[in-house]
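One chain, chain A, appears in both complexes that follow, with chain B as partner in the first and chain C in the second.
Entry: the complex of A and B
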């Protein structure tokens, strides 16, 4: 790091960040000094600081997008604190007894094992704790296979050439407003590299690094699957985060080199706000994957949380014969709003994509599917199949579908099917006549509606997703 | 088992039942016949607590309890079963999952542990054989893509699994060919054990050749205008309902 930068940081400490040094939390506000501070805190190399600054400058010139079908008061980006180091072990609850009982009750409903509950609630874990050794075992096994799986801040030092080569290669800094913001201030996230021809020996999950996950609302994930390799990655904790109304702007980049396969599954259950729409996460996430020849990227997501979801996991099918898939369940209840979908950009010959999107709206919520299928001139013989189904529960919610289809190659085939249905009174009556209560009936009908997507999830996740829907739908029947 | 007194009921502001009385003892099979629009289906819907059907006067006692005070699912758990005339589809929910949930709900109500998946699977397979449905029906979505006959047999299978105290068959014979009718009737007859009661709502006397009732009631104009034994059904078959019109007030 240059002397100049160091001086600058020192100067800033004296000027604005005095309190920050003690608490390791920056006061609210965003400017170039904040970006430099974050970079310095992480001991980043010069190139990465420059990369962040470039993003920050671009962000300043950009405008917040307003095209999504969501409504919220203007976000004051200057009122957000952009760096808060993880709380020290001393500040954390010592045991589950000190954790909010309502939170524990929710975990129990979800059937999350006790030791995971402790992790999720941020209970300080020490060396005695089971999962620590578990994590170590996994790490050894992964290293044996040559797989790199670590926080991105660590990867910057461990394999700088990979990070430098691929960071921003799929989602450039200027891609969109939130991606630019993330690029400037990202706190941490996961980094995965699977070497050539390696089939990752286990499913990678953020569960294993749950402690590191507390680092922030601006995660950056980068997954590189080298030629012919396979990896399945599970993201997100399935428990509610009791966060305040706050901004979460993550970026996920996937690179599948020739013949590689990446399966990325998400169960997102950030805090959705209360039944009156107070609080909850604003989830503005950019996720995109790049497929080289014969590669395949499959996104599966179950979105039940957040006050606002703005998210379009996408595939750029650059290589010939590459395959993109998107399976999604988005459930909104109470006052939640979701505008989610995907983009399938077909560049290569004989590329194929499948989109199955299921939207469920209950309460006063609004859910929108927004999807783009683009067949570029070179996409000879490309095919897409899209099916989006909406299910309404009650009569105060809304479901919207915004499909965009651009075909510039006459040999490409695009199919789109859409349906909207309601949970019918007859279905409810059948269930109740067979002894099921209304909530069980709704959750069963909704689970059935989502079956096509759930079957794409890894088994354990599918079970959790089903339970999660049940919890999320609570109170949706009057 | 069931005692209905002076029941008046309406559906969307239309008065359908106008003072219906019926008394059913354990083990009895009662057939309810009557012309279209006489309120036959309304009776089953009122008894099972279908939303939109409202009892405006009279009383219904089921196993000594005030039925009208009970929720739909509570009535079901207490042993009241309605075999639907038009069973609806629930796409994506497997028959097995649905059946297990209902059986578990009923067992829980009775203070019993839920059956293990293995126990239930075995029971469900045996039961599906009794109604001549192949075991793969259990894996398919509830009524999803079932033929009319398969749907009705599925209803009977549910009835067998739930072992209700009172079974109401709402025109279960409509749309059934003779073979399916035989299967359904055999299923019902196998469940007659001297304790379980049945209300068989039907248009035609044909079904009653297979399920022989203890009593036959004619419902017309919202009340029971004539009651008798099995021979009444034959008489109706021969003479139609016209001769009873005079009995309708």
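Entry: the complex of A and C
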């Protein structure tokens, strides 16, 4: 059985191709000039340059965090290139037809054919290739509804007042080391604005891909849902196979004004490195949402990639009766390390939060749940429920739980439970006795294990996520 | 080095101590002085500021004073071998005649000295536990309990530690080393009290227990000091094959009370049962840190901690269970439940699991809330007054653990105290009106 396990665990990284696209890439290194260059390249207004410089100076003063349960050689931030743009972008494509066919082919390989998606899925896609947003589909239809969905570099010119008001309002420049770095050098990302009372007519989606060697990707996403509006946003990521570690430090800010709802789903499949732990993406991401009264933010994530994941999508439940949700499946294999979880900060009355986190570790990997639930004195009648389950596959992996639970209000109720186990022999026996082979049985049990999270994903993502897990885990316990 | 680190070193120099303890003292002093003083960013002391130690800096060793504290302090009524310490000084006239298994370090014979030299300080990791390093640096006297193979002590050992008022802040140090050889049994009760509420002082206590193959220990640690007495303590246990450790601890009082439990499963089939209760009120701070290391297969752990936090008190609980790669077939469970009874009370809990073996079953749970409105309604609908109902339910919350205490004398001692504590108009429960 263990041989079988080995074989199944050793699946190849299907998205690990590199596209031969000519690109403008800044030489490695980071200083004020680089920040100014990026800002100038984007034709940014003065205030944004100042904003970036402020972040850069703060970053220089900060120390890299070491509290996470991950180990990696020190990152040389001077050896990373902070800007890479596909060359044919220089004269911007007016429509899909003008986009470099090679680039389009890349996306097709990834399974997001823009044309098809446009027709079939009705999903509007903003694709970020290395550092630049390549194309945004379905614009006209969204504009009809008053929805603004465009690269953030464009939003800076189109609706500067919104960007200026909300950029950094949820994740300030000095929030943490990687957020500060991102604030200084972010190159692009998506911007979404949903006007008052509008239900976004389709699901919005971004696809990220790191293509160039030695580049870091620093995208910044800002979603503003005005009063009473609703939006569902999907995000997916891949990168080519390389021996070097690449850096990805993104920031996502969500603002849900009174009564608004934002659903943010991620399927993260960055290159995890080979079976010896060589290469792979360092994924240091800061994601946070701010809920005003009666608003709701729901994070759903399926994390299967990256050599290192350091990610804590959080909700600040500021308004009364606001709701935060976090559903997560984190799968680590080979030498991957994940330290992921969430923060729920309850400030308002009757705020509610639910956390469902499932961790699956295989090979020599380590996966940790790290979460914070804080009930502030004003969180009258607030409620939290947390459940963390871990599944271990193989005897060389690790699964850890570090929940921080704090309460300063007696009427708030917090419940936390966590379990760790392997797939039980009884479950396996039952399935096999009914004629399923070991692989099918495992696949079924693991899928069942993750079901609570998968049902929160939009349809097409749920299928993809299920497949991702299936490939790497079938039959892995006996 | 912080001011207190300096003062503590000076205090160590002022001590009279036997020569044969020098090497441990020196090692302790070295770790203590080279350690970084904890700040808010130090994970192990994140929510427990040591500021009271710095601001009310104890400057000298507490002196043994008369016996006038006796009317204020009720001892546990138990037929036991009694050892009474006042301000860290042994009071022979108040203590029982010691059986041969129990000896003070000062009176140890050559063989016993050897045991102490070999074992003292080996269970505790003084690099990880700052105040264990201090305890090593301060060790001058202590108790050695050595139970020979297949013997069972006739009577429980009852160690009463009394702190009495001092003119200025003073420190005392308490050290216990318990060595149970294979197949032996013993029961140890450590009882900490202080006589006056205007007490300034700091008690550093450390207990090391080595439980041999198939040996069993019942251990109790009852910490009921007054508000102004600061206490940092540790109980460090090594469990060998098929050993059993049954621990119960209850804490109340102190502006700063930090107790560490560290249990290492070193032999297969060992079992740890650890129950704890903390009841801080006023401006008290009680911090329990427990760490269970499963280093070998087939061991079990069951840990239950409950707390009621009232007034402006603060409680910290950190329960870590670490399963090493070899520790297959481990069963470990931890539960931590908290009742907050006042708008100013705070609780920080962090149950941790760190698991490197796959064939294990581990779970932990933590809850924070106030009393269940439905339960209160149920009692009221049966004619029980609301205040009475609150008191009943709160008492029941703790009583569940109390009824499981194997030693009846401890139950009898604690129950009336808890009843008073949970009685009507109690500070612990009185702050909420439960709308």
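In this section, the second predicted complex is superposed on the first by the 363 of 478 C-alpha atoms of A that agree within 3 Å, B and C clash if a C-alpha of one lies under 4 Å from a C-alpha of the other, contacts with A are read in each partner's own complex, and residues count from 1 in each chain.
Keep this in mind: a residue touches a chain if its C-beta (ideal position, glycine included) is under 8 Å from a C-beta of that chain, and two chains touch if they have at least 3 such contacts.
Only a predicted model underlies this, so the values are computations on that prediction, with no experimental measurement involved.
Enquirer: Taking the superposition as given, does A:436 touch the first partner, chain B, the second, chain C, both, or neither?
Expert: first
Enquirer: Per the contact definition in the header, classify A:427: touching chain B only (first), chain C only (second), both, or neither.
Expert: first
Enquirer: Between chain B (first) and chain C (second), which, if any, makes contact with A:79: first, second, both or neither?
Expert: After superposing on A, A:79 lies clear of both chain B and chain C.
Enquirer: Using the superposition described at the top, determine whether chain B or chain C touches more residues of chain A.
Expert: C
Enquirer: Using the touch definition from the top, say if A:450 reaches chain B (first), chain C (second), both or neither.
Expert: Only chain B; A:450 stays clear of chain C.
Enquirer: After lining up the shared chain so the two structures overlap, which partner does A:169 touch, if you call chain B first and chain C second: first, second, both or neither?
Expert: neither
Enquirer: Tell me the contact category for A:275 with respect to chain B and chain C: first, second, both or neither.
Expert: Neither partner.
Enquirer: Which partner does A:60 contact after superposing on A: first (chain B), second (chain C), both, neither?
Expert: It touches nothing on chain B or chain C.
Enquirer: For the complex, which residues does chain C have touching chain A?
Expert: Touching chain A from chain C are residues 43, 325, 328, 338, 340-370, 432.
Enquirer: Which stretch or stretches of chain A touch chain B in the complex?
Expert: 424-438, 440, 444-445, 447-452
Enquirer: Chain A touches which residues of chain B in the complex?
Expert: That would be residues 48-52, 71-73, 76-77, 81-82, 84, 87-88, 90-93, 97-98, 101-102, 105-106, 109, 141-142, 158, 162 of chain B.
Enquirer: For a test of understanding, state which residues of chain A touch chain C in their complex under the given definition.
Expert: 67, 375, 377, 390, 392-422
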